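For reference, chains read A, B, C, D and E in written order, and residue numbers begin at 1 within each chain.
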Amino acid sequence: MSALHLCLIFSTLLFALGLAAALSRSNAILVLLGVELMLNAANINFIAFWRFSPQFASNPHAGVIFAVFSIAVAAAEAAVGLALIIAVYRHYKNVRLQDADQLKG
Amino acid sequence: MNSIPLLSLIIFTPWVGALLVALHHPRKPNAISRAGAVVFSLSTIIYAIAAIVLPGGFNPDAVGLQLTETHSWIDSLNVRYSLGLDGLSLMLVLLTGIIGPTALVASWRVAPVTRESNLYPVLFLLLQGASLGVFLAQDFFLWFLFWELSLFPAFFLIKMFGANAAKATRAAYQFVIYTMGGSAFMLFGFAALYATTGTLDFTALAQLGADGTLVAKLAEIGGIWPGVVFGGVLLGLAVKVPLFPFHTWLPSAYAEAPAGTSMFLTAVLSKMGVYGFIRILWPIFPAQLSAAAPCLMVLALAGVVLGAFAAMRQRDLKRMIAYSSVNHLSYCLLALFAVARVAGRTTHDAAVSSALSGTILQMFNHGLSAAALFYCIGLLEKRSGGLRGIGDFGGMRAVAPVFAGLCGVAMFSSLGLPGLNGFAGEFLIFRGVFGLAPWFAAAATLGLLVTALFLLTFWQKVFHGPVGENVKGMKDLSCCEIAPLVPAIALMFVLGIVPQVLAALFNPLVAQWTTSISSLP
Amino acid sequence: MNPFTATIWFESFARRAESLPVRIHDWILGLLPAWPWLHWLVTALLAIVVILTFYGLFFAMITVTERKGLGRFQNRPGPNRTGPCGLLQPFADAIKAICKEDIVPATADKVLHFIAPCATVFFGLLTLAIIPAGPYFTALNLDAGVLYFFAAGAASELAIFMAGWSSHNKYSLISSMRALAQLISFELPLLLISVSVVMAAGTLSLPGIVAGQSSWTLGGIIPQWNILTPWGIFAFIILFIAALAETNRCPFDLPEGESEIIAGHLTEYSGFKYALFFMGEYFGMLALSGLAITLFFGGWNAPCEFLQFIPSYIWFPVKLFMMMCLFIWIRATLLRLRIDQLMRFAWKLLVPLSLVNLVVVAFWMRTGDWAGPLQLVRWAGAFALEFVPFLLIGRHMSKGLGPRKYKYAQ
Amino acid sequence: MNATINYAELVYALRPEIALTLGLLLALGYDMAFGRRMSDCARRGVAVLIGIVTLASAVFQTLHTNVPPVGHAAYWFHGAFVYDTLAHGVRLGVFGLSALTLLLIAGSIPHSALRTPHFKHPAEYVAIQLLATMGFSLMAVSNNLLIAFLGFELASLSLYVMAGFDKTSRASAEASLKYFLFGGMAAAFMLFGFSLIYGMTGTIVLPEIARSLAVQGPSPLLLVALVMVLVGFGYKAAAAPFHQWAPDVYQGAPAPAAALIASASKLAGFAFFARLLFSGLGTVSGDAINFGGPAGWIMVVIIISAASMLLGNIAALAQTNARRLIAYSAIAHAGIMLLGVIAVRAEGAGPLFYYALTYGIATIGVFSVFAAIERTAPCQRISDLAGLWKRSPFLALVLFVCVLSLAGIPPLAGFFGKFYLFAAALYLNGLMSPAGWLAFLAIAMSAVGLYYYLIILKAALVTNATAGASAATEKIRVPLSTVIALATSAALTIALGIWPDVVLGLFK
Amino acid sequence: MTIASHPYAFIALFVAVAAAFPLGLLLVCRLWVWAFQPPKPSPVKNGIYECGLESKGDSWIQFKAHYYLYAILFLIFDVEVLFLLPFAASFNVLPWQALLVMLAFILLLAEGLVWAWNRGHLEWK
């Protein structure tokens, strides 16, 4: 099993973990954490592929650049997410998703 | 004459009228807007007569489309703004021209709609323009636009002005959803046609259909494909006519609509379906129609017979006439399918041409007679304060002899009494169908008998017998009330005696169809 | 001995003194069998042992320096009983700490309560590994050393929050929240200043940054340290202020504000865990001082060319000690801020100025080839670019604020 | 670092985006400097005006970009950006749609004390909307997974904020949180899929990916990547089974934000995915022509499309809330647009673009009506629309036109879009292909759709308002800017239906 | 002379030792306690220290949202550094246009800061 495989298995596990957290948790912040885990799993993939795979000559740094940008995006997403969670908190006085059930039909 | 876009004028003048009326006064109708509406409605017949009479206009001896207008429109889809007139179209334009103003006048004068609103003439003019567009468009896309556009004014006419709001709503929805559902499948078929042939022009498609290229092209991409496209288009048209199992929307829609709208619906809108069969389905899919004809004939026959029986069972006069419409239009379809069945066989030229002529005549005649009958029932309703059960009246002949006379003429025309217009069409149809499919014709006579039965029952129960409770104190018709009936009744007589007046307009067409049918592969 | 041979001797002495650690290292390896993995292991362990002992002892000495120094500032002798001049005081303190009973609140989150002090020390040590203390005292030479430093250093915020939260004490929690807010706020100027140094050096490697400052001008008297540039002086001031706040030092020691919130996150700690917190904090201070030295004071380099005979492993501790003295001096001089003042200071002054500093560095680096009178323009321009925003922001911030008026004292 | 980076080209490629950036800075800056001194109304007006001018200048910049002839594309900045008719059209389209929704803001001031969406911070709203528009525009020109992802996220993040912009509304907050959580997950899926694609091909430039995949052929890992990308896409497009957020957002978000989410976002998203799927993954598309062909993303898209049409149409039938109804209909429309994605192979992006654009215009029209009604009375339930004909004939007329366009009634734009799209889908291989059956299903479902659209129209045009609720019967005064938005969307819906060549001409 | 052949191997070892260091010290204390000073817990001693008062209510209280605002702001600027660092490291070889691009980036962020300042989000309340 090569290093790349290990990285991929790790990232897949991380992704699965994040997905499980995002789907099963009822606390919005924990769901957000799960989403962040999923994003970071993808980042690990990028870095692993960049490090261990043969590259196209046209852009040898694509993987790492992608990872840098997606970290930034993940951070922005966390920022927006926290802001939205605060907004919900102001109305519901908690961040449990099962309480946010005003919209349905 | 050629420089004037006459056909566009025919279509769009009512729409311009609708716009003007709408702008004139948005809420309450007044004399000016009413008069304006009638004038714009009348424009159709004026244009049509102009087209026949004026030099450079319609040439009855020529076959093929005349007065064509073609402009590029949607280049990316090869869709053109294409109008054309031939004998068939002209017949229907004339019919619309006659019934349109009549029905409009009838809507106010005779059987006033429940809500006094200027919306009514606006919608009515829109409906009239759209119907005319259907009869004149020669490109599927344009045709379909008008086809669908006719639906919405009709929907609102039924829904907003029907006597019984709840029932009218239901009927209007039923009407729109049935028709739209059918149209959706038709659209699907044409999308496929476009995808394979790249054109939507009726003439071009008919050309492709006649020499078998169309089927070959469709078959290239899958065996069941021609059948499916055909089925889609058939469904769309069958709902509109309506063909037997798809007719369930019709009685309630006709019954719940205000009298004027019923007149227009039965006289013009139902013809759109038959027109579609003749203009689209038959030329484009001759082989498929021929193959499906036995089945379809059974359905048409069912329409003839069961429509008549159903009409007999009705206690509501409007529903009765509605079912009789199913019956009458099924004659047309029966004839058409019978002709389609024998396509490619050379032995039946006389029968074919008689069936086709009969079909066209029957369309016209049914328009006149059914509209007149709806008008009469509208009058009854007005007089009795909304009653229209067959048992609510009695002895009307004594109370209102003029009314009884006029109504009787319409009824006998509908029944097919020789000497009145109905006879010519039905006679020709039966003559043709007997030559092409004798057993079907024989069975169809049953429908004829039952029609006679229920119409006579109607006659007897309403006009004869002791004077009913509701009839007492009814007045006979006033001049104003007679006026709308006059053109129709007059035409009934004229066409009953000299149907050639009309037949001359479409005979060359029928002759050409007849030869082309026998020459089909 | 003629001067020439004297110079030779002198130089060879300096070289030998400089390479002393290498020779010791080689000697130790020579005693061992020639297995590569063993050599690597021993080398690594040696580096670790050196780091632990050096910084451990430095920590001890700094505590006693601080106590004595503060004493002097306040006109009292400071510790003077244990050992000569009280020099053994830290060891006595350690023994006392070991002997003290370790009290854990019954309601605390026991696991986190235990982890928190360990984590403080742990992360403090991690950051120390990257500080280049000399050409042969660079335990860890990473291409992205700056990133490593901040990655490891930022984690100490977590430890403080752990401590505050696990104590189950309101004051602790408030303090840890405050600490968190303060740490992240001051982390930004710290980072941005590092970025500006990286811009000037063109590398993320800390030894690389040091190497960029290892030359002298004006006949070897003036070192080419970053501190001696217009942007560098500003950058260092900002970095130093941020470092004060990052290590919860006075005047930014709000999280531990005894007079308001008992002792903040330390309230529920006693015994050796308390000592560990202290150790961790001092390790953090040492690391940040080391960083400041690396970034601005030429790292292990001598200030003048002729002073090179003193080995680099002397220079670095000397500079470190002076930095620590500066910390102590500030602590003795300034008063504690309020939290709103603190946050305002970080966000409204330090962050914008560090952003400005980036621009100034860009200007400075791009104008490196200006000579003659243009050189003057370069200096003036860089100073102006730094000063004008500072004045503008400063004026804006102090708008409406005057000396406090004391109602009753008038 | 590559020293040959041509920054002039970068600036040329991103002129509209630069214009948007400057515009949003101006909007924020002006509001910061002078906003406090102005009345609420003036403040809102200035912000909207700046937004519109900015979008206009972006349109101007776009118009002054050289468009390569149809079938060709220009590549900029080392292949990071692509410019062709689709990109050109989408840029123009999103700027226009965005401008239309901006007009709604000024109109959405509550008249009474009723809780209706209102904007305390118009400049911020405009700025965020411009950011979202920038994201759309980037999605339109991206030729590279990274730019695409950035554009996608820029747009998404801005839309999350816009959905939750009404701070006084519980529903708005809830909607935006749900939108965010679903969208974040979708982004993660997509990013993971991108990373796998990158791993397999070693590049993030779409044509290079296609070349590399053509050599490799399909593999299980590729299938995983495709599914992940499509899951992300499904969420974005609100296609079943990833649609759960859509009804909530349509219901809870302020009307202008919902309008933007329903219009420009869809247009950009579908254009971007058509490009990604065809230009990047086209060599592993699988077979839309025959059943049982090689597996690829087309089968997945077909399944999602069918599921969306079925679920959207059927669930819409049961709705009593007008906005939710529109949302479910949007899901159904997403299904049809997915069919359009498949049909790109046959007819190019023209049908898809036309459909998405006209759908967007009509939806904006509907939401404009909702926004206008909300000025006097809540507009959530379908029954809230009752008596609209009497309260404002103009609104009723616009609603009539737009809803009929959504239903696909000729001669409105929606009809032509459907027709063109179905023809394109059938063009693949007639009915005998999976796409053909899908088109068939789409037709059948549009007939179903007609029913619920008529329910809305019935409420608006026929039903009388319930007596007693005074707010529900008073006349609605529509502010000028909303009138412009309403009139524009209705006029465009009609005009584009009658002269579709105005749009389709781009693609011919 | 670099000590480690691979820097990450050294980091791994260092992490282990750095973790062991405080744990080892605490172990020494534990041994001392075990050998000489058995603990004598009592409810008062093990209670929460609040200046001699009894603790009231739950200590794990919810904090006001303002803390999160700072966190969000920090997040944004922290990520900014993510882009600044690669830029800074290669600053010397970049063309001047790259500087302009970066300047635009910084200005955009600075604009965000000014906005937050203007809206009063930087004031601790």
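Keep in mind that, in the parts below, contacts are C-beta pairs under 8 Å (C-beta built on N, C-alpha and C of every residue); 3 or more make two chains touch, one makes a residue touch a chain.
Labels paired with UniProt names: A = NADH-quinone oxidoreductase subunit K; B = NADH-quinone oxidoreductase subunit L; C = NADH-quinone oxidoreductase subunit H; D = NADH-quinone oxidoreductase subunit N; E = NADH-quinone oxidoreductase subunit.
Just so it is clear, the structure is predicted and the values come from calculations on it, not from any experiment.
Student: Quick check for the class: compute each chain's Cα centroid; which one is farthest from the centroid of chain E?
Tutor: Most distant chain from chain E: B.
Student: Central chain, going by Cα centroids?
Tutor: Going by the distance between chain centres and the overall C-alpha centre, it is D.
Student: Which of the two pairs, B-D or A-E, is linked by more C-beta contacts?
Tutor: Pair with more contacting C-beta pairs, B-D versus A-E: B-D.
Student: Give the label of the chain whose average Cα location is farthest from that of chain C.
Tutor: Chain centre farthest from chain C's centre: B.
Student: For chain A versus chain E, what separation do you get between their C-alpha means, in angstrom?
Tutor: That gives a centre separation of 21 Å.
Student: Just the number, please: Cα centre separation of chain A and chain C in whole Å.
Tutor: 34
Student: Could you grab the centroid distance between chain B and chain C? Build each centroid from C-alpha atoms only and quote it in angstrom.
Tutor: 95
Student: Chain A to chain B: how many Å between their CA centres?
Tutor: Roughly 64 Å separates the two chain centres.
Student: For chain B, jot down the residues that touch at least 2 other chains.
Tutor: Within chain B, no residue touches at least two other chains.
Student: Going by the contact rule already set, what residues in chain C reach two or more other chains?
Tutor: Correct list: empty.
Student: Can you list the chain D residues in contact with two or more other chains?
Tutor: Residues of chain D never touch two or more of the other chains.
Student: For this structure, give each pair of chains that are touching.
Tutor: A-D, A-E, B-D, C-E, D-E
Student: Along chain C, where are the residues that touch chain E in the complex?
Tutor: 22, 25, 40-41, 43-48, 52, 97-99, 101-107, 117-118, 121-122, 125-126, 129, 136, 138-142, 146-147, 165, 167-173, 177, 180-181, 184-185, 187-188, 191-192, 195-196, 198-199, 202-204, 262, 267-268, 271-273, 276, 279, 339-340, 342-344, 347-348, 351-352, 355, 358-359, 362, 365-366
Student: Which residues of chain A touch chain D in their complex?
Tutor: So the residues of chain A touching chain D come out as 8, 11, 15, 18-19, 22, 28, 31-32, 35, 38-39, 41-43, 45-46, 48-49, 53-56, 58-59, 62-63, 65-66, 69-70, 73, 76-77, 80-81, 83-85, 87-88, 90-92, 97, 100, 102-105.
Student: Using the touch rule from the top, collect the residues of chain D that touch chain E in their complex.
Tutor: The contact residues of chain D facing chain E are 1, 3, 5, 7-8, 10, 21, 25, 28-29, 32.
Student: So in the complex, the part of chain E that touches chain A is made up of which residues?
Tutor: 65, 68, 71-72, 75-76, 78-79, 82-83, 86
Student: Residue numbers of chain D touching chain B in their complex, please.
Tutor: 346, 350, 393, 404, 409-411, 415-416, 418-420, 422-424, 426-427, 429-432, 436, 439-440, 443-444, 446-447, 450-451, 454, 458, 461-462, 499-501, 504-505, 507-508
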